[in-house]
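Two complexes, one shared chain (chain A), two partners (chain B, chain C).
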Partner chain A sequence: MTPADVVRRIGFYTLLCLVFASFVLPMLWLVSVPFDAKPSLSVSVPDFTLGNFETLADNPSAYKSLLNSVIISAGSMVLVVSLAALGAYALSRVRIRGRDALLYALLLLSSIVTGTAAIVPLYILLDELQLLDSHTGVVLAMSGGLLPAALFILKDFMDTTPRSYEESARVFGASPLRILVDVVVPIARPGLATIAVWTVVQVWGNFLIPFIAYNDPDRFPAAVRMFTFYTEAGQPNLLLISAFSLAYAIPVIAMYLFVSARYGFRFHGGIKH
Partner chain B sequence: MALAEPVEAAPPGPTASTDAAGLGRARAWLFVAPGLVLVAIFLVFPALWTIYLGTTNYELLGERKVSPEFVGLDNYTDTLADPEFHDSVVKTLLFVFGSALVGQMCLGFAIAWMLRTAGVWVRRTVETVVLMAWILPGSIVGFLWYAFLSEDDGTLNAILPVGDSAWLVEHPMWSIVIFNTWRGTAFSMLLFTAALATVPPSQLETARLSGAGGWQQLRDVVLPNIRGHILTNALLISLWTFNDFTPFLITGGEGSEILPIYIYKTALTGQQQLGLASAVSLIVLLINLVVALAYLAMLRRRRVR
Partner chain C sequence: MAGIVLERLSKVFPGGVRAVDAIDLEIADGEFFALLGPSGCGKTTLLRTIAGLEAATSGTLRLGDRDVTRLPPGARDVAMVFQDYALFPHMTVLDNVAYPLKIKKTPKQERYARATETGESLSLGELLDRRPAQLSGGQQQRAALARAIAVHPQVFLFDEPLSNLDARLRLEARTFIKRLQRELAVTTVFVTHDQAEALAMSDRMAVMEAGQIRQVGTPREVFRRPASVFVANFIGSTPMNLLPATVADGAVRTGGVELPVPDEYAARLPSGLDVVYGIRPEYVRLDGATGTVTGEVSVVEHLGTAELVTVSTTAGEIRAVVPDVDEPAVGDTVGVTFSAGQALVYRAEDGALID
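== the complex of A and B ==
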């Protein structure tokens, strides 16, 4: 290596370290402060304790909100995966007129009607249907938003699965629904798992819809509850927020590790958000 | 809520669309119907309803909730004449341009480009932290950045040798632009990593042999090869950034009233003017429509090929 190459190499790694540092720095709070006996807004070497988690465990509103997050995530997952599987299978195997146009129209719609632009009509709709402050309302609203992309991705996936097993099952007289459940679902499991994890991550992290759909703090999922932890002096209760944030983040990190170990993250690159 | 970008869409097999299970058209529709009904109620209907609501003086409470009146285009003329709306549009443009098109896209490309030649552990480590910023729930990263930038004892002030500043109060727009760059770079990184893998090594080799330096290779070989990816990426991240509500969690909307926050404030705080907010929503929906149509046209062209 010439000296110029050495300098270039050093520059390269310095730059990479800078990038790494700028991504890690804001995250350090999440891994240090939950274990700090004197939590503050800044990151420092923690005065180690697990006491913050005891405080968290003693706070019913905290774990109730995590339970609420589990309920709406699981509910949406079941609804999205089952409806998307049914629809994607039918669209993959039967040539319905206008099928591709339908899929693209759905995808277009779900990317337009998103975020804040949809909350006004959604709020009024939930109100009219008496579904404000109800997990059912939030599950239905979120699933409706996620379903088009789920259908699109799963239909792609179903197109690549072999059909010979279905033919044999049919020869033996199985009904289409039976074939779907017993033959197609096991073959399509990686695709279904992708959609399931994706749905859970979306719902688990969503702030906006629960924020407008719930008034009753007992029904808040973790995403909204986090912002209600204040001390009597009106300051954010850092002790509780730090431990709570970590508890709330762990399922997402666990799912990330699971997905990247099992399938590799690259494949899922595009379908987050 | 989502746009699909199947990076590795496999071509349909030779037997695609053969009805192996004997479903038949009628039953196929029956299978698709429950999903379509859900989408119709919670996606199509709200979108269409926005058009109607935007022409009324609907408010959350009181008389105008029970019997809203038709006000024609008043909401639109009021909105277009509102200086706060103009301010919000400018802030939104700054936010999308600064954090998505400049921030996420350039940083995402730079990281993908650098990691190309890095060792496997370096690569995995950097990729993991960038991805973490992207997949953690918005409420958590919102609070992390609130803490990071806080005046009293935020970590940024502790690191920087200059005096403490209240970043969120003094520079709210810069704060959310930097935040959103940090938050969303992962997508561009993933997309450009995939894109760079499609650049034929032989072309790069030829360029190198004819004496092209790093910048020249980038300009003459790499960029022309990944033009489609760049456009796709630009459209998607702009769309997502344009609709993002997360900055609200850091600044509470103070000094950073991008359009999503403007809609929220109009609709659910103060006078709670849902009709007026619907008019603004429709403007946002129409802009989304233009961007999404451009994206789908690209996606479709790529698949047909």
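== the complex of A and C ==
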């Protein structure tokens, strides 16, 4: 190895370390600062305390907001998974002209529905429907934005399920709904699990839509609630924010691990023969 | 139990493809019937139309004395075994076998009792708790058969039941299915593209081409007297010799050679008619230096206990099956003798057998 090679290699690893650190630092902050008696925006060895969580425990709005997050995530998840399963099955099995164009158009437009560009019309729509300040409104808005991508992923799963499974059930007299429940859904389960987790993560982490759709602080989900943790002096209340960040992250991580162990994630269809 | 009657049954796909073209066919109660043909001939579509997976465009279909033409598949009382077996991968073998009974709302206890009994009769007893992916190809096939049998249908429909098995297992399965069908005595229609399978297994068979049936008969009839040049070409593991020829003075001639025909033909062959002369390689002898025609051996193919010898003659290439004890060598000049009684003559114009 020439000296030039050594220098090159050292340079390469230094670069890797920097890149790695930039990803790891926020994580380190998330797991260390909540236990620090004097939380700051820097990462250091914490002056260990559980006091921050006691402060959090005294703040009822924090728990309320986590519960709100659970409600809107679960609601959207149920809606997206059930509608996407029905829709993807139909789109996969029925031949209609321009089906793929329709799917691509939906996919393209969906990023607008939950994006910033459509936020004003979305607000007006929710207002007209008297769905402002209601979980139903947020669930509908979020589901509308997520459904096209969910349909797109699930249709691929359904496409790779051999038709002979369904035909076999049909010859024995099973109705289409029965076939969906008994045959198609169990086979597409990894796909459904993927869609479910993805929906929950999207809704759990979304700030903009709940931020404009709720006026009543009692209905704020966690992502919006965190935004309100300021001290009287107008400084961010890092004590609360750090502890709450960890409480906010844990349910999603736990769900991910559970689903991954139970069903396994797959972003493509197909079954082993 | 029920026979199957097809009257002018047609299936036209959007786009105008006539996959099944006005077929008339009667399959007797308890019969083991083969639909044979090259791929794309409409045999699978015909089977799927009988199952109800495809709706007939016109014509009628009766099972026993019921007109089922417009009935959905579940109401027809048929069971189908698919080429890939279509066992549900997320259910155990037992649940798979019991599933059709569940659809038919059989009480749970009876359902599992019947499924277990059927499974055991097909020696699947040890495997009932397994998933299909844990079974070998032959076991999967038996599981698929068990699922079809457990519902006690009036008709079995098999779509290429043997094509997913390896060659050795296929022979075993052939015997197994034939015996099973005989024991159950349920009317069975099976689709195959393998003429040997159709000949070996069926009571009667239909040879299909372009959505139509070209010949119906027992395997023996179809093998001995193929009704057209197409069927003659398709049936037999060594293809029939088909020589273009012309009738002159009551004799069939080609390349200056008079080809021997059975006596009863003489009156039916008008002079000047263009014909195709057919004779199976098994009925061609190569002995000595003289015969109907002489020629040079160009290819010798080994078939096990026999050899398929191709001879180039003035009448064209002629293939003969000879015992492996007296095989000629490539380049030898041999006399070719046809056994006249087994020869068939087809009209060149439409390929139909003259008889």
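Criterion: the second predicted complex is superposed on the first by the 243 of 273 C-alpha atoms of A that agree within 3 Å, B and C clash if a C-alpha of one lies under 4 Å from a C-alpha of the other, contacts with A are read in each partner's own complex, and residues count from 1 in each chain.
Everything below uses one rule, namely that a contact is a pair of C-beta atoms (placed from the backbone, for glycine too) under 8 Å apart; a residue touches a chain by one contact, two chains touch by 3 or more.
Given the structure is predicted, the values throughout are model-derived calculations rather than measurements.
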- Once the two structures are overlaid on chain A, check if chain B and chain C clash or fit side by side. fit
- Task: Using the touch definition from the top, say if A:Asn215 reaches chain B (first), chain C (second), both or neither.
- Result: neither
- Item | Touched partner set for A:Leu25, first chain B, second chain C, both or neither | first
- Message: Between chain B and chain C, which one contacts more residues of chain A in the superposed model?
- Response: B
- Task: Please indicate which partner A:Ala169 is in contact with in the superposed arrangement: first for chain B, second for chain C, both, or neither.
- Result: both
- A:Phe12 contacts which: chain B (first), chain C (second), both, neither? first
- Message: After the superposition on A, what does A:Gln235 contact: first (chain B), second (chain C), both or neither?
- Response: neither
- Message: Once chain A of both complexes is superposed, is A:Gln130 in touch with chain B (first), chain C (second), both, or neither?
- Response: neither
- Task: Report, in whole Å, the shortest distance between any C-alpha atom of chain B and any C-alpha atom of chain C after the two complexes are superposed.
- Result: 7
- Message: By the touch definition above, which chain A residues appear in both interfaces, chain B in one complex and chain C in the other?
- Response: 162, 164, 167, 169-170, 183, 271-273
- Mind listing the chain B positions that touch chain A in their complex? 1-10, 12-13, 15-25, 27-32, 34-36, 38-39, 41-47, 49-50, 53, 58, 107, 110-111, 114, 118, 122, 125-126, 129-145, 147-148, 150, 152-156, 158-159, 182, 187, 190-191, 193-194, 239-240, 243-246, 249, 259-261, 263-264, 267-268, 274, 277-278, 281, 284-285, 288-289, 292-293, 295-296, 300
- Note on the structure: Listed in rising order, the residues of chain A that touch chain B in the complex are 12, 15-16, 19-20, 22-30, 40-43, 79, 83-84, 86-87, 89-96, 104, 106-125, 140-149, 151-153, 156, 159-160, 162-164, 166-167, 169-170, 176, 179-180, 183-184, 201-202, 204-208, 212, 222-224, 226-227, 241, 245, 248-249, 252-253, 256, 265-267, 269-273
- Task: Quick one: which bits of chain A touch chain C in the complex? Just the residue numbers, please.
- Result: 162, 164-165, 167-174, 178, 182-183, 186-187, 189, 271-273
- Complex contact set, residues of chain C against chain A: 51-53, 72-75, 78-80, 82-84, 86, 88-90, 99-100, 103-104, 133, 151, 157
